[in-house]
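I'd like to ask some things about the structure below.
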Amino acid sequence: MSTLNDTSAVTAVQVAHLPVSTASTASTASTASTASTVSFRPARPSAEALAALRGHRWYERPRWRRLCALTAVGVLLAVMTGEQGSGADLLFSLRTTFTGTALWAWIAAAVALWAIAEFGAVPRRAVASGARAAAAPLARIRPALDSSPRLRVALVVAGLAAAVLLPLLFDRSTNQVLVDWVGIYVLLALGLNVVIGWAGLLDLGFVAFFAIGSYSTAFWSGQLPVKPPFELNPFLSIPVAMVTCLLAGILLGAPTLRLRGDYLAIVTLGFHEIIYLIAKNAESVTGGSLGVFGIPHFSVDLGPLQYRWGLDPLDYLWLLIGLITVLVLLFRKLVRSKIGRTWEAIREDEVAAAAHGVDTVKYKLMAFAIGASTSGVAGAVYASKVGFINPENFPLLYSVLVLAYVIFGGMGSIPGVLLGAALLAYLPHGLKDVVDQKDRFMYLGALLVVMMIYRPQGLLPARRRRRTVRTREAS
Amino acid sequence: MTLLEFRDYLVPGLALGALYSVIAIGYTLVYGVLKLINFAHSEVFMLGGFGALIVLTEVAPGHPSGLVSVLLVLLGLVVSGLVGAGTAFGLEKVAYRPLRKRNAPALIFLISAIGASFFLYNLAGKLFGRDPKAMPALFDNGVLFHVLGAPVDVVKLLLIVAALAMIVGLDLLVRRTKLGSAIRAVAQDPEAAGLMGVDIDRIVSRTFVIGGVLGGIAGFLFGLNSQVSFTMGFIPGITAFAAAVLGGIGNLRGAMLGGMLLGLVETYNVPLFGEEWRYVAAFAVLVLVLMFRPTGILGAKLGRTA
Amino acid sequence: MVSMCAALVVTGATALTGCNKDDGAARVGSDGKPIYKIGFQGPLTGESSAIGVNMENGVKLAVKQANARGDLAFHVEYAASDDAGSPDQSPAAAQKLIDDESVVGLVGPAFSGAAKASGRLYSEAGLVSVSHASNPGLPELGFRSFVRSVPNDNAQGGAMVTYFTRQLKTKKVYVVDDKSEYGVGLSKVAEKQLKEAGVEVVKAGVPAKTPDYTAAATAVKHSGADALIYNGLYSDAAPFAKKLKDVGFDKPKIASDGTYDKKFTELAGDAAEGWLLTCQCLDANVDPGTKQFAEDYKTEYKAPPGLYSAESYDATNLIIEQIKALGGGDGGDVRREAVLEKVKKADYKGLTRQFSFKENGEFAGNGIYLSEVKGGRITLKGNVDTLVSAG
């Protein structure tokens, strides 16, 4: 290898010489080594040694590149945590950051970190082994859980108990967030997980169904400008919203589901935008930008059993926990049934599935409709809880966010999705008191990028996915 | 709609279409080589606008005219192109390359892109203030000449000419130069291209840079036509992405065609159905086209068909 | 089944949580003076954050100055809660302030949608919310703690129409809004009153953040209208004004208070020239009464005060004034209910106007001022009613 490109000049010019077939740097090197792993596995030289062989300059060596990267991260963090910009002076924030002392503190921290990582061989090894020792029980949890169903049940029961009881200790604002954001978005993420995690359909307009569910609840409670034939008990609006969303899902899905991947993504995104604009513009039907006020709280009125939900978020939180539990049980059954296996077949290779006689459109439509009706439930609960909705509750951005929640948690894995959605939906509110409120979404974005780089399979990946990612990484 | 009205909406429609085309090319180029929706391209566009805004605010005199105006516009183009290129380069390096090394599935790229987009626009809002900003006056925006009686003012002319120049330049670059054939090779079959001696990392990086130059310049032009703000990337970004899909994502000429078409549809929608239905019209056209041609008008030619 | 279970659990647990509202015992500072907090709820993030920050700065400045003056027997602190201007974040944002027992008064919610989504919560808590939300329907929703510190949109829409029909004698008016709750509400008022005055109306919605206003401007020109009303924010009015100039629409143009901001002239440049602006407010940057405020603001935030900065400053001082009147720090009862009652009965002279409220929280009295952009500056023409009767 080293003889073929011993001068860096070759590397520099080879881009311009397409047909030249001299083997070259990283990409071909990796291709070659992949080919060779089939028969035997040669001892891989260290990155340092490889760099030396290639004859890179000193600053191109990994060690110094790591220094540069860390320093850059330090500077970036200094910029991120600097002053808020001013309306009048464009460069105010940057200027104060680059003339201030905090910058140097950040850089010093970065360099110190680098020095410890590079030269502090002893502490580094100690830290590494310490971390490994600390993580060892954690690493054993998963196999233990996988092998013992009883343990799993115990864990789930404990989690459920915690979810039901812990909110009693929280203040109301936390519970407000737990309902409006965490509970609702966990429900949405569960639904989207069916569409994207199991059936493999990239849906960028999922929150549109949430909107449809909310507006359907508003309609049946008689608060929209168009009046329903008869008013429903607010609690009955949940199944009605489900059915409405189911139909909407089929209506959208039927013509578009033969599109693949990114084409489907943009069409669903367009669908969301259209629903949003109808909510906003069709004033005589939806109330337009002014929204709908006065959607009643849920109430149960069955002889001896009477209950009215009220302003206390706890009531709604428990209702949501109940709904989520039921859905999780249903979905677990579903994904282990024939339907679930068919989805898997379609997701992994649609052409092959179709060739084996699977009616792919039917199954994809089913996933779409199930996902949609789940968000219908979320819509009904939300509308009733807040009592007021307007189109600004359903911006395009939220469709994108739910997708991020699902992937963050681990596509296709119910515990992953629950955890991912709960954490990310709570994050902006949790950050309220930690960082400047205006910068919350900056940190959320950074977290997403870092997470995708270091743990692309998500927090708690599905068993199957864990395998796929591992094989992919090995190749 | 009278003929008179029809005429008056033509130039704005073309100008908007030209803008969308230029942004759409950024999406389609990256999609061509990586099969990935570069969701953060809208922030490249936004930062290009800010780059030009910052430099021009420092140097522009009160009411420039003549040669000074021309020079300032050129400066704006260069600065925004450089900032756009730099942003796209950094983006690829930080948010995409590590994923590519791990052979991550396409969805992971998408989320990483979304994260990067969130990060960048909120950072820009923090650094430069969350108010919209006007580009300093670079010239007096009067009507230059009439086409069939429809007035053409400086900004619209600049938009159309700059976009056309970039589109033609890019088309030549991709079809005639060695870099272009390398890009096409990577788009067609990255593995084979790698075996043939193409440094894939470098080509991907350069593709991002090219898309970034176009995106950044589009940000500057957008700012001239309207104003610059930290959230300005989102709507044009989504529309341009739709345009790229409409034309056939991965297909350069498709992106140009799609952009033009959406620009015209959105503009003519105003006298026909009213401004509030702008995006409904655009997406309705998109859905209709995709129902009959599932891979866009021209099909996904540059890359492998999906 | 599950819902039944949930209901049972709920009943049990509500008994557990029961009443966790305490009597609002105030926190006490190091020098023994009690600490009262003034909350602010508005958009600090997202699309409209620029306006939220304008308001927030006004509130913060008032709090800072109140403490610095040193004549109070208590400390005032500031508590922010971001709702991104959107109704969906509003309940959580409101609850955050409600849960903080030392918050006794609130400036905000800034936007009508957010006010509607959180009104029930504030009412339940009895926490007075002095809001700039101007949608006419708000006081009718039965929020007992809602107080409006600006005249509602009926007054403003009416003033625009009066000026157009009586002063300029227009025959056909093009009414544009930004499709926000605020703009649509105003447009409805204007449309209704114009029609009543027998003027032809063309109504259009141009959503905020439209990438290119040329088409919308061309439509205005082709409509043959002899005047234009724009109801929206300066950030959208500015590019619209530019395009109106480019297509050569030179008829009278009037815009609502969302456009009444110095930044409108900065952003639109020459295109802003001749625009008429209505506002229930006086510009803090030009009005002599607010000059000192504008200077202080500039020193503090390195930027001139923006839309509603001075009003938020006033609203904050109004609340502080009422706490003082209640005897805050001198053993007076400064619980939320007391503050609410006191604020509703207040008669306070602020920098921008006289504040007093009707029983349902509606701003009492009105004063719609008309200004014109001349030579790149917003110059006051005067009260609309006086202008019309004089002309």
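All chains are identified by letter, namely A, B and C, in their written order; residue positions are counted from 1 within each chain.
One rule holds for everything that comes next: a contact is a pair of C-beta atoms (placed from the backbone, for glycine too) under 8 Å apart; a residue touches a chain by one contact, two chains touch by 3 or more.
Every value quoted in this text rests on a predicted model; they were computed, and no experiment measured them.
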Pair of chains joined by the greatest number of C-beta pairs in contact: A-B
Chain occupying the most central position, where position means C-alpha average: A
Averaged-CA centre spacing for the pair chain B and chain A, given as whole angstrom: 27
Whole-Å gap between the CA centroids of chain A and chain C: 36
For chain C, residues contacting two or more additional chains: 45, 49-50, 53, 179, 205, 207, 263
For chain A, residues contacting two or more additional chains: 86-87, 280-281, 438, 441
Of all residues in chain B, the ones touching two or more other chains: 122, 125, 129-131, 133, 276
Chain A to chain C touching residues, read off their complex: 86-89, 92, 164, 168, 171-173, 176-177, 180-181, 235, 280-281, 283, 288-291, 293-294, 300, 305, 307, 309, 311-315, 318-319, 321-323, 325-326, 386-390, 392-393, 395, 429, 432, 437-438, 440-441
Interfacial residue positions of chain B with respect to chain A in the complex: 31, 37, 53-54, 57, 94-95, 98-99, 102-112, 114-120, 122-123, 125-131, 133, 178-179, 181-182, 185, 191, 194-203, 206, 234, 238, 241-242, 245, 249, 276-277, 279-280, 282-284, 286-287, 290-291, 294-296, 306
Parts of chain C lying in touch with chain B, wherever the complex brings them together: 45, 47, 49-50, 53, 179, 204-207, 209-216, 218-219, 221-222, 235, 238-239, 242, 246-248, 263, 266-269
Complex interface listing, chain B residues touching chain C: 4-5, 8-9, 12-13, 15-16, 19, 122, 125, 129-134, 137, 141, 151, 153, 155-156, 222, 225-227, 229, 231-232, 235-236, 239, 266-267, 270-271, 274-276, 278
Chain B contact footprint on chain A (complex, rising order): 11, 14-28, 31, 79-80, 82, 84-87, 90-91, 93-94, 196, 202, 255-256, 258-263, 265-267, 269-271, 273-274, 277-278, 280-281, 396-397, 400, 403-404, 407-408, 411, 438-439, 441-442, 444-449, 451-453, 456, 469, 472-473, 475
